[in-house]
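Each chain carries a letter (A, B, C and D) given by its place in the written order, and its residues are counted from 1.
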Amino acid sequence: MTYTIFGESHGPAIGVVLSDVPPGIPVDEAYIARELGRRAPGRNDLSTARREADRAEILSGVFQGRTTGTPLGILIRNVDQHSSDYDVLREKARPSHADLPANVRYGGFQDHRGGGHFSGRLTAPLVAAGAVAKLYLREKGILVGAHIASIGGIPDDPMDMAEPPMETLAYWNETDFPTLNRAAGQAMQDKIRQCRTEGDSVGGTVACAVTGLPMGLGQPDLDRNGETIFARHLFAVPAVKGLEFGSGFRLSEMRGSRANDPWIPGPKTETNHNGGLLGGITTGMPLVFRVAFKPTPSISLPQKTVSMVTGEETVLELGGRHDPCVVHRAVPVVEAAAALAAAELLEGGRRG
Amino acid sequence: MTYTIFGESHGPAIGVVLSDVPPGIPVDEAYIARELGRRAPGRNDLSTARREADRAEILSGVFQGRTTGTPLGILIRNVDQHSSDYDVLREKARPSHADLPANVRYGGFQDHRGGGHFSGRLTAPLVAAGAVAKLYLREKGILVGAHIASIGGIPDDPMDMAEPPMETLAYWNETDFPTLNRAAGQAMQDKIRQCRTEGDSVGGTVACAVTGLPMGLGQPDLDRNGETIFARHLFAVPAVKGLEFGSGFRLSEMRGSRANDPWIPGPKTETNHNGGLLGGITTGMPLVFRVAFKPTPSISLPQKTVSMVTGEETVLELGGRHDPCVVHRAVPVVEAAAALAAAELLEGGRRG
Amino acid sequence: MTYTIFGESHGPAIGVVLSDVPPGIPVDEAYIARELGRRAPGRNDLSTARREADRAEILSGVFQGRTTGTPLGILIRNVDQHSSDYDVLREKARPSHADLPANVRYGGFQDHRGGGHFSGRLTAPLVAAGAVAKLYLREKGILVGAHIASIGGIPDDPMDMAEPPMETLAYWNETDFPTLNRAAGQAMQDKIRQCRTEGDSVGGTVACAVTGLPMGLGQPDLDRNGETIFARHLFAVPAVKGLEFGSGFRLSEMRGSRANDPWIPGPKTETNHNGGLLGGITTGMPLVFRVAFKPTPSISLPQKTVSMVTGEETVLELGGRHDPCVVHRAVPVVEAAAALAAAELLEGGRRG
Amino acid sequence: MTYTIFGESHGPAIGVVLSDVPPGIPVDEAYIARELGRRAPGRNDLSTARREADRAEILSGVFQGRTTGTPLGILIRNVDQHSSDYDVLREKARPSHADLPANVRYGGFQDHRGGGHFSGRLTAPLVAAGAVAKLYLREKGILVGAHIASIGGIPDDPMDMAEPPMETLAYWNETDFPTLNRAAGQAMQDKIRQCRTEGDSVGGTVACAVTGLPMGLGQPDLDRNGETIFARHLFAVPAVKGLEFGSGFRLSEMRGSRANDPWIPGPKTETNHNGGLLGGITTGMPLVFRVAFKPTPSISLPQKTVSMVTGEETVLELGGRHDPCVVHRAVPVVEAAAALAAAELLEGGRRG
């Protein structure tokens, strides 16, 4: 299962084509809609007021409620665009945004309106594609779930990596702000509201688990390696700047005698510091990882920048509607990328 | 430039084939040998006593001292093998090693001797391939350099991400233990020796910079994205469990007003929290990242594990020669992976 | 430039996503429409009466009349479907069609209506994608043109392979039945009408030239080889069963002294028996090839076949609207595949 | 199973790395040697006198006589080189050879000696890789066999495409000149000897069958399509200029009522004009195809050409040892390419 996302924020439509979809997967359109709803903005005071209908139309690859095995096209029409909000972007490069590098990369031909192809809106088709992948994985007993591990340094309780609370995932799947510790979640939300008030934004981390993957998938090379497959899918998610499997960066501070996960009959491992992958191959333990999201670059506070026209210094004051934090809306996006990665890993990774 | 590594630790030879090498690159064989020397064990008391000649023979793709543009094959014969040291590995799965998952993945047909294809020794051809990539990049004014950012939690001084001290790289390229702060380096080495004495091991992090990449390389998709390209190459390095670009995980704790890198005339950015990449596209700033290495899994201390034959619990006591820490030897490996990633990014990434 | 086609003949829509499109190409939508018109059925008495609107909507990747460099999505809604015409296909396998193998491949989940994803209708998005590729190539002085080289054994005049009459291509581009020799074209059309009358069908060949490709593109391997790139694109066209470059199969009957193309100052070659490719690399001469189309498998005459339900022998009598010959409608399809192949070759072929 | 070939005719060595090899395949080294022997020159008076030892050393990926599943490296050292024979090639471009286009493609850095990477000698590693693929296929009941279908227009008896005489393949595998009709073979050999006497060369065709492939492999797209997979592998074989599946070009002259292969209980088809593929999917019938080889470009007769140094017209008189015909030596090469294609098709084709 591979995907190609197309579309610009203020063009006619965005969408995705999924190739190499296994045939016969029951496609629950209400489920896809619910997943899109989890990502959609405008549901509470924590995100931008832009209302996106995000109605996904399946164009192909599904017949009588099941995947056919041929490319599955999904279309989401764009509505509620305020293109004029973005006129300033033709000239002033937003710091921490791709505006200026994209201007060089695409020779100035890119659609700048609303961030164009770089808009966070392009994660909607990713969530739709991920929903199809999740439906496929569920048939095989594989579950994907994530929680907000931190916002602006405020941590949630850590996930048990050897035995993630997947039964809670159904709950997460319906909440707007999935944390393991309710009080931590409240503190995070307070922080987000405070940032909004101050015209600022804040980053965070998302922890994710994929359970049910059998031992023995993947291999130690560039393209069929469990870690490289997940890394490729996750770093393709906008605003992700870090990724660690299992105990990740903390492993770099540990001794082998503590970091090594002892094998016990099963076989499985007692702990899961390696996050379910050894040598690029699944261990049969939950595949767990954590990703870091930078703070939303679009903030209302005045920012120093340069003009893309004159090259001279200027000040950017952004109007429009912006998220003070994307992390909670990114939870289904991370799950989608993980589901697509898990599907690719199951099918043997890239070939040829 | 893409590569395929082949070989097993105790087979006849290991090697690599580099495809899509630009023609006309001067190939300095002494440089390749020196790079291999940086990775080689047995040079000091910080690594295994196994002496590896690591003599790289170029089999093809070089004519009259320059690359021809056709596949470049490099061969390294294996010598000094103590296969009997590893007999225990046929039965007892080393914790945190791929032995058991590989046994499932390859149906028991893999070469277990010395870790076979999973041996750290397979990073030698990677370093050789990376040396060719570095020679290519150098012609274009692109430099790659790395330092040990921490060992077992002992930090080196942080690298200046907006202006990495690349002039020091020549020095690093000749030292066995590259740190920015000499005292920190000594403390790290003491820690490694202590671990060796205790039959234990320790992990660490490596920070790396690639300078000279122009603005506008890469794009925001799965395969031609600067972040996914580097992530794919770096997670293919054995023992890497985490990766962050720029300020990475620390960005998740920051506010946008501080995390955003202001554009200034150049155009360039004042700070480089984004590590030289925005939306998967290079900004023209140094591309900087940090990777986390887990502690060497092979330790002398007795470890709980299971028998791959009976599935029952047992205790593993490893003989043989092991590194108490691989991080300092991994510095040229990280640079090699970064050089290959940078070359791929320069050429437009994967296509098709 | 790579493409992914999606859609089923009787689903909501068909379409294509073009990735890695160079930015800044002027997109002439009228040209795309005209190209689609060349392929469309129902224009004369030589093809099926099914009227396909084939209105292509560009969903993304174009801004202010030029390509942006981001994925270019094209949508064609399906209309005028007579699904009931195809009910028989659920049971009886059409000889020479993919019905039965597809039933095995897709586990019976494929959309059988109108041939589903296997319908010749799926060549419409290919033509649309090819039109974009042609617009790109034209900017570089590269032209693509084809003629009907034979129908049912009736040959057109041979194309001059060293100097194809590309000035005639504009004409071809507006005729329904492009031949070099008008009388031959008439005889071919008579043959097609005769086949229609008899409830039968007939095959043919299409010869194509791509001019303006510089010397030195491609290389001798599996994926960046001029011949393998064209072969991959052309054998992906439905009903193509043979391909030859230059004098192709006739070369197998020739002596070297006659087959070798002498180099003359330019440098170019006096003759072009090799069809513009040597060792997978372009020679700077026109890239010329010929493809063989089998007769339309859907014929009205009763045919022996088996039931996909019972596995037993049965007789198929097809209703519905069928083309007695697809070759003339395939001319723009061949050109489209050639244009996409030429664009891929120009950009260096598949990588990685 | 994918392969990367490396090496130059007069460099230290040539070889191949096979990736994604299924583990556990018994590797019969004598078989590989015999396959290499079939391709080797100098066995009779029909080919060049150059003696190539072609001793293949397996460097990796095989343990205790079976494939391990990790990359399988094969090395063939070069010996018996007469580099001076080729000095003329630095200046004068051989007609119908890649010398001149390669000079442009590789900026003059390529190894010209003996044709360098373009030498027919590079088909030796292909045959070695194909031998491994054949051993894999044989385990699954899949056989590959080919015969010389024509030389210089002299035809062999046609192969029965619905039921190829695979039992004869064992015989073919030991003969130097595999034809179905002995007298035809004699006539072909006479023709080759006559060409040698006259300092000329001659082309021919090879027909090949792959039996035992189950119905339902492949799909109708660019990269997982049975026809595109075989086409990619076959056009990567040097000197191949044409390819047709089943009745191929003859289908273009036929009517549907005769060309369609009726399904009969099995299900299978009564005839096999489609060569075992419909819509890119295997039908379960033998996969049969024919390839056209051009005459060996290297001939002793004086040839008009240009100087790569001055660009001016000159005359080339080739010394050295040349094959008047490569077709009989190409039979195992075609089989190797077919075996590698069949293995790729079995495993699902390229992904991602």
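One rule holds for everything that comes next: contacts are C-beta pairs under 8 Å (C-beta built on N, C-alpha and C of every residue); 3 or more make two chains touch, one makes a residue touch a chain.
None of the values given here were measured: they were computed from a predicted structure.
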Chain pair with more C-beta contacts, B-C versus A-C: A-C
Using C-alpha centres only, name the chain that sits farthest from subunit D. A
Subunit C-subunit D contact: same residues or different, taking over half shared as same? same
Note: subunit C sits from subunit B at a C-alpha centroid distance in Å of 46
In angstrom, rounded to a whole number, how far apart do the mean CA points of subunit C and subunit D lie? 27
Quick one: report the Å distance separating subunit A from subunit C, using the average Cα coordinate of each chain. 39
Going by residue number, subunit B touches two or more other chains at 2, 4-5, 19, 69-71, 105, 117, 219, 221, 223
Could you list, by residue number, the parts of subunit D that touch subunit C in their complex? 2-5, 93, 95-98, 100-102, 104-105, 117-118, 122, 150, 152-153, 195, 200-205, 215-223, 225, 227-228, 231-236, 238, 240-249, 251-257, 259-267, 269-270, 273-275, 278-284, 292-299, 301, 303-306, 311-313
Can you list the subunit D residues touching subunit B in their complex? 4-8, 11-15, 17, 19, 23-24, 57-61, 63, 66-73, 75, 105-107, 109-111, 116-117
Residues on subunit B engaged by subunit C in the complex (per definition of touch): 2, 19-20, 69-71, 219, 221, 223-224, 344, 347-352
